[in-house]
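Common to both upcoming complexes is subunit A, partnered first by subunit B, then by subunit C.
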Partner chain A sequence: MTLYLIQEQYLRDWLAEIIATGRRVIAPQSENGLVVYREVTRAETIDLHARAKPDFSFKHILFPQTETVFRYEWRERRPVVEDAAAETSADAENASASVQGEVVVVGATPCDAASLLVLDHVFLADPPDPFYARRRENLIVIGRSCSHAQPECFCTTVGLSPVSTQGCDIFLMPLGADLCDELDIGSGFVAEVLSEKGEALVANVKATWVKPNGSDHSTWLNELKAAHLRAVQAEMLPRRALTPSPDELKKDFEHPAWEEIARACLSCGVCAFVCPTCHCYDLSEERQGRIWSRCRNWDSCAFGYFTLHASGHNPRPTALERYRQRVMHKFCYFLEATGANMCVGCGRCVKFCPVGLDIYQARARWP
Partner chain B sequence: MKDQVERKTKIAAFVCNWCSYAGADAAGTSRLQYDDGVRIIRFPCTGRIDPLFIIKALEQGVDGVLVSGCHPGDCHYATGNLLARRRFNIFRKLMLFLGLDERRLQFAWVSAAEGAKWTAVVNTVADEIKQLSGEPFTWATPPADGKKAQSLREQIAAIEQAHRVAFQESSIEAQEAAMTQQLRQQAKQLLDASEVNAVLGYTSGTLPQTANSFFALSPDVADQLVWNRYCQTNLAVYLTRPLVRKLGKIAVVVKPCDARAVVGLLQEHQIQRHEVHLIGMVCQGVETGGAMALKCLSCTQRTPTLYDTLIGAGGERPTASSNPLDEIVRLLDNASPEQRWNFWQDEFSRCIRCYACRAVCPFCYCETCITDKHRPQWITPSAQPEGNTAWNIIRAAHLAGRCVGCNECARVCPVNIRLDILNRKIAIEIKNEFDYEAGQSVESAPPLATYRPDDQQEFIR
Partner chain C sequence: MAMKNPYVPSILTVDEIRDETPDVRTLRLRLPSNGSRLSWRAGQFAQFTVFGVGECPFTFANSPTRAEYVECTFKLMGKVTGALRELAVGDAVGLRGPYGNFFPLESWRGRNLIFVGGGIGMAALRAPLQFVLDHRKDYGEILILNGARTVADLVYKEEMNEWSAFDGVKLIRTVDPGGETPEWDGEVGLVPHVFEKIAPTPSDSIVITCGPPIMIHFMLLTLEKCGYPKERVVTTLENKMKCGFGKCGRCNVGSVYVCKDGPVFTAAQLERLPKEF
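Then we have the complex of A and B:
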């Protein structure tokens, strides 16, 4: 890890340069009353001091909502699969997000960046998903610390924090006015460069990015982070940390509490659609004229059709089984398999749930 | 020189077997000539022609659709065309509101004897569609940046801003506390006396300024019930859910809009009156985004139409001087079809197909929704403009005459698609055409499940 101090203006110049080199830069932007990660073409529009986390994560960059796996045409009673390299306009957006060079996400919140570890685990496991793998290789994540918590945030209960750097190639933290004065850099940031991808991206800006004096930075950096964490945590709802204990949940698979919790669930699926770590998809065939496409689309375990068998049997017929699955997958099965929760505590599912179901509360019935 | 060949105008003609198909046949046997771009698709009755078919035809690239059947009174099945007349009247208004050019969707009555009329109708329709443009019709194309209907959106925001009403916290809080006490009391009584097995209401949400759905199954948890301006969810949606049905008789907390949904469910025989005890709440309106919800600004009911117990003091709310949603509908009505088309395409292109709109709607109780069917696949499942447009149109069409304007669909849409405007437009047309308002009386017939011999038919050739 390398540490730098940068003035805000130099940071912006650097971002402008990244855009100028033809890389796609994605940053939180407001759109129809929502803040979402979208491509930016001017560095000035990047908000380096955003108060809130974006409404949705940047999962769609790696795992688009809808993606054409392949296309075919019926010719003389036979499906002729299109040349995989041939692009049509509908695919152009997907393709440009994937193949043509690097995509840099600027201003990823710690929860969104950490969600990459979950997605990587799923999509890069053997055999890797080629669509995801290609995009992932080209993705560079510049994270930022959160300066404020929103009511739904609970990252600190699942082992993350407003200053955690998991999943980031570079992590930015604004420096307080006093530190800036002390270091004499106007308003500025501290940048932790955490990976080779990150190093490569800052390779040519070292003139304006200065390394702090002295050799032991961990002390002031840790102090800075601790102070930051204290301030943000004070804004969070009082919630205790969850013990990563799959067995506790597992033994209570048949507990009557599940019905009590799930009764209010409308099985709408919004929670999965806004979740940075949810990754289930459905494959479907679609026709436009004589061209068929096999598409993969986001799916949700909340939907009744998710587990419907061809026989007509449905092992998860009601919200009870489905909501339990959601909690179990995130806090039991995934934990068992990987040692980490499949939830980064962003709270989006709580915020967007039409009836206010709170996954933390559901999980917190157990230790 | 392929592109110099004149492009054929493709028209799908959906006709009933007994009159218009025979009429087309008569035209043929009389050797009358008509436009050869028309493709005839035969149905048993116009009553069988689902708006889905029209959507699908347009989506698959026809330039226009002609629907034709028997004259009123001539239906082989007595009333099929009379029911279809109502449905198409509303569906056509919906399509025009979305910005479809009216020449692309036309209707006619052609009897078996009217070969000449068939010829004339087809030729006129074909001519009109040809005037439209040389370009093939494209069903769903998200507008390019410059056409994003930004000005319409700004004008809508201005209307909303002008109607913004904030709650007076000092006065409303005391009232909410008093009603909460009454509600808890009532819930305890009902549960103690075993009159119901559960009380479905709201409890404080884990996030500030929210209220969550809450089932009180025993009197000792009744004190968790609350009543306040954050109680937004239309709880009627739960009445058809399996886990809730399992509870047997339950009491449900209803606002006036929720009670209208219960009325609708009773009307449609989804629940029976004796299965629910309605705890009606005298409503002060609910709050979204720091101000009174749009639907509440235009709602004149304070006391629910239907209830078993009433909580709070009655008295009607003064009628709003102007309904903001109606103003927005008028604004769009007055825009050009192209502007409207761009506006709605821009809205629909954002749809992520999460189906939350369906999940919260009390009237989307279908065991298998049309969008879940894939043999045949009526609505493509990808979140792409074609399927998104079809999905949003068909849901609006299925709710025509049933939607009670609770605006839950619009509230929960995670990408803020303006489903409320669409629903309100249809409600206005239903009121104009059939003098009907959804959810006001259990006895009245749903407007699209009935007809009158003298229903409006100016739109039919």
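Then we have the complex of A and C:
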């Protein structure tokens, strides 16, 4: 890890330079009353001091809501198949010669950056998904600390925090006014460069990145983070840490509380669609004119047909089994397989659920 | 650096069509002529595409010892299986796979094997049966218990006769009460009931059972009652699947993905899973 200090103006110049090199830059932007990660063409429009986290994560950059996995058309009564991944890979090959294939996400929240570890676990496992793998290879994540928590946020209960850097190539934290005065830099950031990709971006794109004086920055950085965390945590609802307990959850699989927990669920699937870590998908046939395609679309275990057999038998027939699956998959099965929760505590599923189901509350009933 | 796209199927060709029952059909598919080969293990499955319609999973119905072609036996259920029935000899079928785990046939050498299949579930037992018969001397006594709703619904009728002609192979067929015809000389009764009646001794045998969820449920209870150790009772699950390789999330049951960690499970393994299959 390398540590830098950078003035806000220089940081902006650097971002402008990145855009000028032809890399795609994605940052939180307002769109129809929501804040979403979208491509930006002017560095000035990037809000480096955003108060709130974006309404949705940037999952769609790596795993679009709908995508063609292959196409075919009929020639003399035989299907002729065209591999859609070959295009992605040809693009990427041209791209590696220049830098056009690189996508830089600026201002990723710690929860959104951490969700990449979950998605990587799924999509890069054997056999790797070529669509995801390509985009992931070309993705650079510049995270930022959260300056304010929202009521639904509970990242600190799942092992993350407003200053955690998991999944980031570079992590930015604004320097307090007093520090900026001391350093005489108006307003500025401390930047942790955490990966080779991050190092390359700092080295290759010209701008003024300053290494702080002195040798022991870790104490100083930790203090800065601790102070930042205290300030944000003061705004968060008091909640207890969710200690890993797959066995407790499993033991209570048949607990009557599930009935009460899931009673209101409408099986609408909104929770999965706004979740940065949900990754279930459907494969279906679509047609445009003479061209057919096999499409992959986001799906959700909340839907009744998700597990419905063709015979009519359904292993998860009601909202109870399906909501329980959501909680168990995130806090038990995935945890067992990987050692991490499949939930980054962003609280979006809580905020957007039409009937106010709260996954933290559901999980927190158990030790 | 092209990464393989696991969603793209190979294109096979329908070579032969055989009707097993009024709604069950077996297709024999020819491998692509570009010399590509396919190897699989008995118990594995593949995703079959009817182009212009969609995809669905079927088990390999033929043994890897007969890998010059691929066979699948399917029951008419809905969209894809309906379209599959429309295909004629010479038509294209997409296939990607093999996926999933398989029957540990190597480790069953020397054992007595009891195959219990109900309805279309028999399709999953055909590959291991063919394998065992192709290595007849490696295995002990073989008992096949095959059930269906009615006499007309019994699959692989001719093959069953060939199989039962092997030394040390015993075949028992049964139909549900009311499903018999005047000429019927087999058993009448539900599969678990007939099993209990003939009650083969558990010593040294492996039971491989496949059929509708309700039959499996009662078979497992019966086997427990008859004293079969759960480690020696093997079945296959048929959860809804899309990708086939552990990503799309469809087939997740507890800590396993049926497509990747299954579809073959022992009764002991099933006992540790939530009952969501």
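Heads up, the rule we're going with is that the second predicted complex is superposed on the first by the 344 of 367 C-alpha atoms of A that agree within 3 Å, B and C clash if a C-alpha of one lies under 4 Å from a C-alpha of the other, contacts with A are read in each partner's own complex, and residues count from 1 in each chain.
Note that a contact is a pair of C-beta atoms (placed from the backbone, for glycine too) under 8 Å apart; a residue touches a chain by one contact, two chains touch by 3 or more.
What you see is a predicted model, and the numbers here were worked out from it, not measured in a lab.
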Touch test for A:127: subunit B only (first), subunit C only (second), both, or neither? second
Could you tell me if A:284 is touching subunit B, subunit C, both of them or neither one (first, second, both, neither)? both
So, does A:237 touch the first partner subunit B, the second partner subunit C, both, or neither? first
Which of subunit B and subunit C A:79 touches, first, second, both or neither: second
Considering only touches as defined above, state whether A:112 meets subunit B (first), subunit C (second), both or neither. neither
Touching A:259, do we find subunit B (first), subunit C (second), both, or neither? first
Is A:192 contacted by the first partner subunit B, the second partner subunit C, both or neither? neither
Looking at the overlay, does A:352 come into contact with subunit B only (first), subunit C only (second), both, or neither? first
Subunit A positions within both the subunit B interface and the subunit C interface are 282, 284-285, 287
Given the complex with subunit C, which residues does subunit A contribute to the contact? 69-70, 72, 74, 77-79, 81, 83-86, 89, 93, 122-123, 125, 127-130, 133-134, 250, 253, 279-285, 287, 292, 294, 296, 299, 301, 306-311, 313, 315-316, 321, 325, 328-329, 332-333, 336-337
Residue numbers on subunit B that touch subunit A, as the complex places them: 60-61, 205-208, 210-215, 217, 233, 237-238, 241-244, 350, 352-356, 358-360, 372, 374, 377, 380-384, 386-387, 408, 411-412, 414-416
Touching residues of subunit C toward subunit A in the complex: what are they? 1-9, 11, 49, 51-56, 77-78, 81, 91-92, 94, 212-213, 238-240, 242-243, 245-250, 252-255, 274-277
Touch list for subunit A against partner subunit B, complex: 32-34, 55-56, 65-66, 90, 151-152, 237, 259-260, 262-264, 266-270, 273-274, 282, 284-289, 295, 297-298, 300, 303, 305, 317-320, 350-352, 354-358, 360-361
